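Two complexes follow with subunit A in common, the first pairing it with subunit B and the second with subunit C.
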Partner chain A sequence: MTKKAKGGSIRQSSIRRWAPLFICPVFVAFCIGFVWPFIQGIYLSFCNFKLVSKATFVGLDNYVQALADASFAHSFWYTAATAIVSLVLINVIAFAVAYALTQNLKGSNIFRTIFFMPNLIGGIVLGYIWSMIFDGILQAYSTSILLDSTLGFWGLIILMCWQQIGYMMIIYIAGLQAVPEDMIEAAKIDGATKLQTLFKVIIPNVMPSITICTFLSLTNGFKLFDQNLALTGGLPFIIQPDGGTINTTEMLALNIYNTFYTSGAATRGVAQAKAVLFFVLVAGLGLAQLAYTRKREVQQ
Partner chain B sequence: MSNAHDTLASERRRKNILSVVLAIICVIYCLPVVAVVVNSFKLNTYVKTDTFALPNSESFAGLSNFITGMTFGNYPFWRAAFFSVLITVASTALILICCSMAAWYIARVNSKFCKLVYILCVFSMVVPFQMVMFTLSKTADTLNLNTPWTIPVVYLGFGAGLAIFMFVGFVKSIPLEIEEAAAIDGCGPIRTFFCVVLPMLKPTLISVGILELMWVWNDYLLPYLVLDINEYRTIPIHIQYLKGSYGTVDLGATMALILMSIVPVIIFYLACQKHIIKGVAAGAVKG
Partner chain C sequence: MKAITRRSFLAGVASAATVAGLAACSNGSGSKAASDGARKGKVYWLNFKPELDTTAQSLAKKYMEKYPDVKVKVVTAASGTYEQTLTSEMDKDDAPTLFVIGNRAALKEWGSYAMDLKDTELVKAQNTDEYNLKDGNKVVAAGYCYECYGICVNDELLEKAGHSKDDIKDFASLKKVVEDIHSRASELGFDAFAATDLDGASAWRVTGHLANLEYFYEEKKAGSTWTECPKTITGEYLPNYKNLFDLAINNSTVAPETLATGGHDPETEFAQGKAAFIFSGSFGYADIKDTVKKTSCIPYYCGVQGEEKAGLNCGTENCWAVNDNASEEDKKATLDFALWLVTDGEAAKDMVDALGVLPFTGAPEGTNPYLNNAADLASKGNYTMDWATNFQPNVDTYRAALVSALNSYTGDQSEANWGAFKTAFVDGWANNYGKTSA
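Here is the complex of A and B:
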């Protein structure tokens, strides 16, 4: 054993004596707030239960029911559409704004401050503000965002853009500022046009930021709950031939929430199974996208 | 030479046009907030019919919306505001202290347990809240963590992932020699952490603190499920409750409430803008 490693281990053991103080509070809270609910959640997804204490094992029954649920399938496609449309819009606009703001314009700081501001307002409050605005506009056409699912879709997209563009813009600005000045200068001397510089020099160099932003906006889109609840709450609904109802603007998270708390206690097992499927989807998507975009990053 | 001068002039013109375009977008961007301000001074019926008109002598409500708003929905607004502040400040403080300590321990002690905790933390960052919401609220109920004074423990548990991840990343970049020097000078682990490591962590503490503040302040579902909402409400719960439970909401008063809840946030933002923007950028780069 080398001297340094030995010194390290002596120091380590002196730190270790303080483990109860340093790591135990977080570990206990982490078990309460995450580990135990997570494990119990997985277990309950295979059970029929109204109360946690009275759960009976039913195998994959809940998953079969969840996958057969038309409202769940609808909310999946609706969520996917919302997430993808908002991902494209948010990232394109945020990048364009960030690019403009890194051109040494007058008032860049004020613009940046204003664009970021909506981010600090919570989803519920945002939903309420925008529902007032949409109502104000749409009453002239004697309709409402709660009556037309197409309006509900685009309303939510506008809300998401308004909220998230500023956040993504900050990340893009940080990325753009890190692009080496001499690289852009060199491209200019070699006769590259502005557009060529943008696509061949700048974008490959900010690929890490693009990775982060696409990843963030995709998972944000899939996990969206507050805004969805406050803006339309899933309305309008349609009644299925078999008597079931589908809330046309209901996203996955809200669908799971409604299955838990508004459909009565009988469907809690199904709701938990939906939640597990939702978790697999969100985690899988995040990891897949990360792996994909990482491959295209410039090696430095 | 004159050619170069021309390019410079056209470059300047291009930038001016860009500035004007951005300024117009900024004005449009502010309109929703302006609409809240304007409507909070209007009588209820006019909010619905003339949403975008400025208040006139007929529709102007003075401060009456703010006065009704204070006791709106049979729940005093100041109470919701108090609980919001309490939960946000206590949770953020708890997360910062406990997670920075735990992160230092994880980064410095090489054991299987530490690796496991770290991996679990990273894993918890990709788990959506809906996965654990039912079982988490039941667990919190069982352990009597369902009051504003104890809910910070739940926040510490569910929010530990990101904080530990960011802190560990930073601690690993601190050279070990500094701590060794402190140890040789007779510092025990406690003093080493609080007097040597913690001051160096300050930028990360601010970044993580900002991210947690923004999350807890705006969070709706976790406190809604954990707290008894007849007794304890945060601002988002209060606003959603008003919207959900009344067929005919007093829109003017609601806008006054919303205004009262966003003004402190905007003031806080303008005061600590630099830190907030830096914190967000740092959080995103690492997360």
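Here is the complex of A and C:
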């Protein structure tokens, strides 16, 4: 054995020996901050509880109630519609803006900064600001974003686009800049039109950016909470003949929150069950979408 | 002579130290502590009223200076988040020892965490038990202040418009005055009602307070006050609710269609003399007292028979409960502290300034004119309208539905929209009752 190799193996074995010491703090933090609450959360979804430390096991009752809840079903479809519409709009517009800003325009750096800025504002603040803007306009037509669920829907879409386009744009710009110049030049020499270059060369090459952006906007759409709370808070409601309500612009996360906090202790377990279903849904959708777009990525 | 051994020397030193220690206890600050049964322990007051926070913090500090062995912590839950804060705080080792159980729903939720206050000095010091929350014989929470609400009037503006508060005796006379002021608003420079906003900051005026008239008259007709949440209500007096609600929104500083969005700040409109009437009460007085010099509170006149003998809506959501799971020492410290807040001369004065009234023997006289109006009316034999509204089941959800229905109604005052409100009001009650008692 050479001297060098011997030295290397000593180093490796000492890394191996001390590794647990270095991994330990992060692992403990991960367990405290994620693994344990996650397991407890799942356990609580099978319980009736007021305080989390005093829970009684009730089996699948909570899941049965959650799935039978008309407002939960409504908020699921509403969330799905919001997520899909915003996914398409955000990504198409963000890509278009990114494409425009990589064409050596004058002042493109300033535009990039400005487009990115809305993303720095918190959701609650944004919701209130936009509700004022919308109502300022809608007042002229004697209506309000709180009176019409269609207005509420598009209001939320505009808000989400305004907030997220800048962020996705940055990711697309990075992707576009990584497309090899020689490929585009080769396409040009071969006589490809601008449109052909875009669809046959550029888009396949920025597929990794598209994967990440669609993943982010899909999960963001599903998990949206504070903007929803501040913009409409679920209003308007449909008052059902039995006196119950369907909150027409309530998304899943807000529905879970309202179930947890506004019905006293009676429905906390149900809210927890909804939260677990919500997790499974978001995780499942996210993974499926990743698998789908990954297949379309090309090797450079 | 016997040699002093090490052991006997130590014993001597120890006994000398003990004597010195006892002597030290019997003078100075020690004597106060001894006479008060040596106050010590921890008090954690989870305060419910944001407007009391400054006073509460400074009184806690004063108390700790007086009794250094007692540690007092005051935390005030942000407006509208008491339930959430209480839920998370009660789960901690260092849970609140003094907290608020304000209504029947909270009693159901938290009653088992509260000790029985029946034989405590705190309850004995009260001059009325009307505002206590009881569960059978157990006094779960002790009312430490009460409030009243109705229609607050700016008397000066009323006089300027050529009317007097004494002209208003029932709904018909109220309507006459209100409609007259509204019709001459541009000439007078002020309008009748301040904006009855339906946003989060203001909707309680109508979904909580004004709604009380409906529940109260149902109670009155049945001949007994509710002691627990009824399963259903009839909505028989909703037309009366509508009378007053319509009057307020159609004779106001703002157009009814703009109420859903809100953002008008009715309190400021009233404080600045832009409106002569507002749905408010004793709690709102602090914000307007600097600008509105002559003001009074009149009952909800809504067209019910015999309403000339109506009084104000009086009640409270401010009731102290003591955490039964705290240690005996901390429970005692908490009760001592609470008693001190309402009976110590200086402390009680600060409390009255912040709360308007303290229902405890020997507490300073209140300076809140609305509370005085309430007392005047009661002493004339008018019936006080109790807070039946506190029984609203699943209150946040129930009220949210009322807001949504009223939003539509203020946008378009059609029969269909009023019908939806009626459904939310009456059937929503039963529906939410079912949800919470499931």
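In the analysis below, the second predicted complex is superposed on the first by the 269 of 300 C-alpha atoms of A that agree within 3 Å, B and C clash if a C-alpha of one lies under 4 Å from a C-alpha of the other, contacts with A are read in each partner's own complex, and residues count from 1 in each chain.
As a working rule, contacts are C-beta pairs under 8 Å (C-beta built on N, C-alpha and C of every residue); 3 or more make two chains touch, one makes a residue touch a chain.
Please read all numbers here as calculations on a predicted model, not as lab measurements.
Contact with subunit C, but none with subunit B, is seen for A:Thr143 once the two complexes are overlaid on the shared chain. Once the two complexes are overlaid on the shared chain, A:Asp135 sits against subunit B and subunit C alike. In the superposition on chain A, A:Phe115 contacts subunit B only, with no contact to subunit C. By the document's definition of touching, neither partner reaches A:Met183: not subunit B, not subunit C. After overlaying the two complexes on the shared chain, residue contacts for A:Phe279 are found with subunit B alone; subunit C is out of touch.
Looking at the shared chain after the overlay, A:Gly123 reaches subunit B, while subunit C stays out of its contact range.
Contacts of A:Val52 after superposition on the shared chain: both subunit B and subunit C are touched. Counted by residues of subunit A touched, the larger count belongs to B, out of subunit B and subunit C. Applying the stated contact rule after C-alpha superposition, one finds that A:Thr262 touches subunit C and leaves subunit B untouched. Of the two partner chains, subunit C is the only one that A:Pro241 touches; subunit B does not reach it.
Looking at subunit A, you'll find residues 52, 132, 135, 139 touch subunit B in one structure and subunit C in the other.
Those residues of subunit A that touch subunit C in the shared complex are 50-53, 131-132, 135, 139, 142-147, 233-237, 239-245, 247, 258, 261-267. Residues 83-84, 87, 90-91, 105, 108-109, 200, 257-258, 260-261, 263, 394, 396-397, 400-401, 403-405, 407-408, 411, 420-421, 423-424, 426-432, 435-438 of subunit C are the ones that touch subunit A when the two sit in their complex.
Residue ranges on subunit A touching subunit B, taken from their complex, read 7-8, 11-12, 14-19, 21-23, 25-27, 29-38, 40-41, 44, 52, 97, 100-101, 103-107, 110-125, 128-130, 132-133, 135-137, 139, 162, 167, 170-171, 173-174, 208, 212-213, 216, 219, 222-223, 225-226, 229-230, 252-253, 256-257, 260, 268, 271-272, 275-276, 278-279, 282-283, 286-287.
For subunit B in complex with subunit A, the residues that touch the partner chain are 15, 18-19, 22-23, 25-26, 29-30, 32-33, 35-36, 39, 47-49, 51-52, 98-99, 101-102, 104-106, 108-111, 114, 117, 120-121, 124, 126-136, 138-140, 143, 145, 153-161, 164, 176, 179-180, 183, 188-190, 193, 214, 217-221, 235-236, 239-240, 243, 251, 254-255, 258, 261-262, 265-266, 268-270, 273, 276-277, 280-281, 284-285, 287.
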